[in-house]
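Each in structure tokens, the structures are laid out below.
First subunit A sits with subunit B, and in the next complex the same chain sits with subunit C.
For the complex of A and B:
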């Protein structure tokens, strides 16, 4: 109830900030990502004045004291450990042609999670880490793997693990297509869909810290920093693709295919507005 | 394949606290896969922690224990640097064993 009373002014503040970010002097459709990111961050820091910025990456554990205690205990013996080990093993094992994942990535794939997704100016589209991993497999004659769990989660878990603490550093190059991708991601984030008529923002901007049934909603700020995650509910690991598709079906919408253009753009937008927050993945969530 | 068992045993005062995480599907036999076929039961039946030749913790487990189970308990005694032996056996006869040093 306490946070419920805070909610209305906060939502108004967001609306005000959103408009302030695009002053009427500029046409309303002139995108301004740095102002967006600042407004986004300010909204959350004002909504949760007690939290430090880097705490947002721990999602619901930062919203609730009980859960925070449970989490500290869980982190002593994290359930994603098996997945990190599996990813490390996959990373060190060469493909049939003798090459390995390390050959596909800058710095052998170590400590680079914070630079994904990036905008590929040659392709004119956003490239996510998961997409890059499957492209790496295909370029080396290996069949692609499922985007949602197991092996993909293990690989991204290992890559996130080696990048822990590094701040998200997503760049929008001076290319109108990059800006369009960002805008399309933002549009996806705020568009209501599904039978329940929810947007991503309904839960993760309006209501973080509130309960949805027995669960505490995570703030959108820093939500991708903890990916991939071990979810007790899934009794297993899930990637960003799994999170997006599951969110869509939970609001009774029809999920897109993993790594559809819209999801790639969404990941681009959501990562960009969390720039500066440290990578905390892989994470564990209830 | 790395061990399926993770253990941490820490001694303080006259007790030793043990935490363990075991990687196992723990299929109950009541779940169906995407094709609608029953996944046969596959779960750990017995989990044993041995210290100094004696069992300090034995669990008789069944289908109701969750996937990748986690156990925490403490026992009287235990010395830093001593070995703690952990083993499990499942209903298909598979088994794994590991030894951890008490810290």
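For the complex of A and C:
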């Protein structure tokens, strides 16, 4: 009895300590996507107070007046137009089995770009538009296409074009795996990598509007809304997969495979924090 | 030795000892000379194929570890490729140097991946 009374306060104190320590440690690491998205948006709108929110989707063209004028002129004869046409044609052409892309997507694939990527609770992973397109092909007996350019860029260009002006509407379902995918994307975004020791945030959070050699860096807010893009530097179209892999190699990191889990999660995170901003793809970049 | 002691001829014992010392000295000297003669080629052959293989294997192992952390560097792959190319040409000095460079780069990428497990949080917009 006596020893019990002696132990009781010590055990109580230990338990209290354990309980007190746990929540604060968790609080620091528990993802809070709505709070993140608000902080993300506030950061950029405070950094560029003169810029309208919807203009962030125009990347470097929103950061520099001269470039903005060049872009307006470029938009009169957009360099991505051929890709939209090609995508439309591909989209309407049936597969060998008679079905088409439209059969794989809600609303026949029209005006749905803003809902991608989404978290697939069956698979327990993020599904991007590029991945869904290749899965659609494979389900219909067609070989997958390259994730980085040409046909994939054309298909996503056309789908983005049908969603222009619609705000990103990425959802995180009440599923711990979805939250983990979001957190993994966030971790990837801020993690330094490559010999240059850069993270995505080094350029697109710390230095938007600044030059890196001849390029003006785009802000991370709304950075995927204009995808896919025609890049003069590439002399062609590029998808989100192309953008992620080339970013990695530019900082002297070995890129992961396109549509690796990390890239899917990164796209999920970046799209979520840009919720509410309009789809402007396909876009053109220097 | 015991026979000498028995005869009590200390002089001859001294001579024997002296001879033994000089023999030891001579053999040490010849060993050193032999080493000296054999030595230089082995020092110069720091660039042997076996040394290259060991250095390359160490670099490859470190790069594999970086791969498991999903954080390989392109420069590591380039240094490994350079090492192999030099070895194929028989230039083992260069092959070893490139392998060592690759190992150092791979180790740096491992360090980066390990420290970034927590460090990334410092960059986060809150």
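Just so we're on the same page, the second predicted complex is superposed on the first by the 260 of 286 C-alpha atoms of A that agree within 3 Å, B and C clash if a C-alpha of one lies under 4 Å from a C-alpha of the other, contacts with A are read in each partner's own complex, and residues count from 1 in each chain.
Note that a contact is a pair of C-beta atoms (placed from the backbone, for glycine too) under 8 Å apart; a residue touches a chain by one contact, two chains touch by 3 or more.
Since we're looking at a predicted model, the values are computed, not measured.
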item: When subunit B and subunit C are modelled together on subunit A, clash or fit; value: fit
item: Most subunit A residues touched (candidates subunit B, subunit C); value: C
item: Touching partner for A:147 - first (subunit B), second (subunit C), both, neither; value: neither
item: Partner chain in contact with A:48 - subunit B first, subunit C second, else both or neither; value: neither
item: First, second, both or neither for A:235, with subunit B first and subunit C second; value: first
item: Which of subunit B and subunit C A:116 touches, first, second, both or neither; value: neither
item: Contacts of A:182 with subunit B and subunit C, given as first, second, both or neither; value: neither
item: Subunit B versus subunit C as contact partner of A:81, first or second or both or neither; value: first
item: Per-pair minimum CA distance [subunit C against subunit B, superposed on A] in Å; value: 17
item: Subunit B and subunit C footprints on subunit A, overlapping residues; value: none
item: In the complex with subunit A, residue positions of subunit C that touch it; value: 67, 70-75, 77, 105, 108-109, 112-113, 116, 119-121, 123-126
item: Subunit B partner contacts - residues on subunit A that touch it in the complex; value: 76-77, 79, 81-82, 85, 89, 235-236
item: Contacting residues of subunit B [partner subunit A, same complex]; value: 2, 6, 8, 19, 21, 23, 66-68, 70
item: List of subunit A residues in touch with subunit C within their complex; value: 36, 39-40, 43, 186-187, 190-195, 197, 199, 201-202, 205-206, 249, 252-254, 256, 262
